[in-house]
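This structure is in structure tokens; I'll ask about it shortly.
Order of writing sets the chain letters: A, B and C. Residues in each chain are counted from 1.
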């Protein structure tokens, strides 16, 4: 294949990656923005979403299109409920102390991983895509489902944006983000906002996983990469800034796709992790964030 | 006589607020120099610039002829400028001994135990070495703070609101303590209590809106019409 | 008995008990305890940074692995003798900690955690990326000829136990001396209130960097010893898991106590060892321990005991 089409393929793959990454990272960013919690277990919520999707599609006796759609609805709800429980049982009792919550979410990470290993097993298992469609370009054929993933992720992000800016619940969340004490003084139930935010963040990761699982297979250790990449995206985009997160997801997704294709995925990750460390050291507001 | 410390055109703005605005200041060796002024006059910002807790925007500071304008706070401490905090800032979870020892060893004490005991004795806290600093009464914590300043063996000791919250009896003791420090140590004092200021200070600088309104002996300051109007005006505004 | 005498009695007593234990312990447990002592050295190093200086790092696996590879690679590729190789491991751990510290210590709190995590992750990936030089994922076995020091074959039980004990005892006594030294007091002051410490004439950056380098030296020698005593060097030791383990040991035993890291390592090791007889849920035990500790006993076992009465505990 010539260089041009090869680059085009790399960009396509990068776009799919960016879309899923944006969804996952926005979840992480939301939790950090509103609650100031760095959720190390975020990748496990992603993994649980994929595993839940496998259970739903495997056990329900309907055609793939139906079971997958059901999974897309159920998995985020299920994962969100787990997250809300973890918030009430653990994070709230820690009073959201930043360092203690990191330690606690590391613990949560191990617990969820073990739960998946015990109830789901160590194998990677495929999930049937809701439809098969092959788009034929002049140089290669490409999965139509992958492009659908981009579209679906875009729609979900749009819904999140509408929720945050157009609904009362979104307003309450943003008010809490700006000033928790004042929000409390105005009668906002901050505990509920926090539990809801944590659930929403986890649900977004789960939704991203349901989108990607027909391409990638479900595995109990699959949360590691999304966590790392989401961290990278959220930090480069500026902690807590949703717009920065989206821009960074696009850049990281595309460049990761391209670098992985032409060089080595490991090298791409080394560069990205070092970049994150250096951004935090020299430009803590992120590459795109405004100065605090 | 050469000034011990001198500031020229010292300036620091926060956003649009001119907290310290072109202040010229001379500190002579061995004096007790009080900085007074209405609330928000920039007193704490001014001494924070001198001690290096806040970076200088423009102007210069010299210590014994050496330019220290750009030196980091911890370097200035080593050069002999000690600052005690307005809000008591001892290490509550450490023992009284450790609190003072941290200061003494920073000043290069050889006989740590002896130095700590001496500093505590000067502020009448002898024998409390093993107590947790956080368990001391408020007044004792203020005195511990002063002991830490003394243990640094500074050339200049900056005391920010040292008598705030002290009982009347404790204030008398405190005045005697400060008098006993000079002339080996030069003392700068930010103080609201005018009786303490007029009684203790050999020199007074009055700040108002970040600028020097007047400098002089207590008698000169008392007689200064600008100071009177600033203070009366200040009280009117507050009352 | 004075506080100082009590503390010496306690620490020397622990060393004596561990020395005596080798004659009574069955081989399986002797190997376990050797492992625990080496891991406790790693955790002691972590404790110097986290427990005493307040630097919550998520990247100590990097320094542990630096020690391990710093020891293993010269043996593997240059056929070094064991003692110089161990020293190379020690230096590698300290040097890398210094390098990371120069950058990471410009941040604090949560940012510091993430920066150290990222550096460690980059280090791990680099080990994989350079697989032709490092053995990649599979790692490599340390040549048995290079595991003999002064005629003692460290691949056999008794010499291995003694070597681990000597390392552990040395590390613990140095740690005890350090935390009771004037510099130890400054480390704690930095943890308690950085701004106040600056106004006492201490340069926070320099104090924290020094503490981190000491911590890295501990992690480095622990990694080097682990590779030498158990004969294997591998990239798994650079994963995030090995940054979490010392944190877990320290939290369990008691942050800011000299014996805490050993106690934590001992209990955690056997907790996993015993539960793995009933269940394979090793990850669950680690996770639950972290959550329970941070929720109900953030000071750990010895931290709580010290608070309740034994104030002299260093």
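Here is the rule we go by: a contact is a pair of C-beta atoms (placed from the backbone, for glycine too) under 8 Å apart; a residue touches a chain by one contact, two chains touch by 3 or more.
What you are looking at is a predicted structure, and each value in this text was computed from that prediction instead of being measured.
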| item | value |
| --- | --- |
| Between A-C and B-C, the pair joined by more C-beta contacts | A-C |
| Per-chain Cα centre nearest the global Cα centre, belonging to chain | C |
| Centroid comparison with subunit B (C-alpha atoms), farthest chain | A |
| Length of the line joining the C-alpha centres of subunit A and subunit B, rounded to whole Å | 53 |
| Gap in Å, rounded to a whole number, between the CA centres of subunit C and subunit B | 44 |
| CA centroid of subunit A to CA centroid of subunit C, Å | 33 |
| In subunit C, residues with contacts to at least two other chains | none |
| Parts of subunit A lying in touch with subunit C, wherever the complex brings them together | 38, 90, 93-94, 98-100, 102-104, 106-115, 117-118, 228, 231, 235, 264, 266-267, 269-270, 273-274, 276-278, 280-282, 284 |
| Touching residues on subunit B, where the partner in the complex is subunit C | 51, 53, 72-75, 77-78, 82-83, 85, 89-94, 98, 101-103, 105-107, 112, 148, 152 |
| Complex interface listing, subunit C residues touching subunit B | 182, 185-186, 188-189, 192-193, 195-204 |
| Subunit A contact footprint on subunit C (complex, rising order) | 56, 58, 103-104, 106-107, 109-111, 113-115, 118-119, 121-122, 125-126, 128-129, 244, 247, 251, 281-284, 286-291, 293-295, 298 |
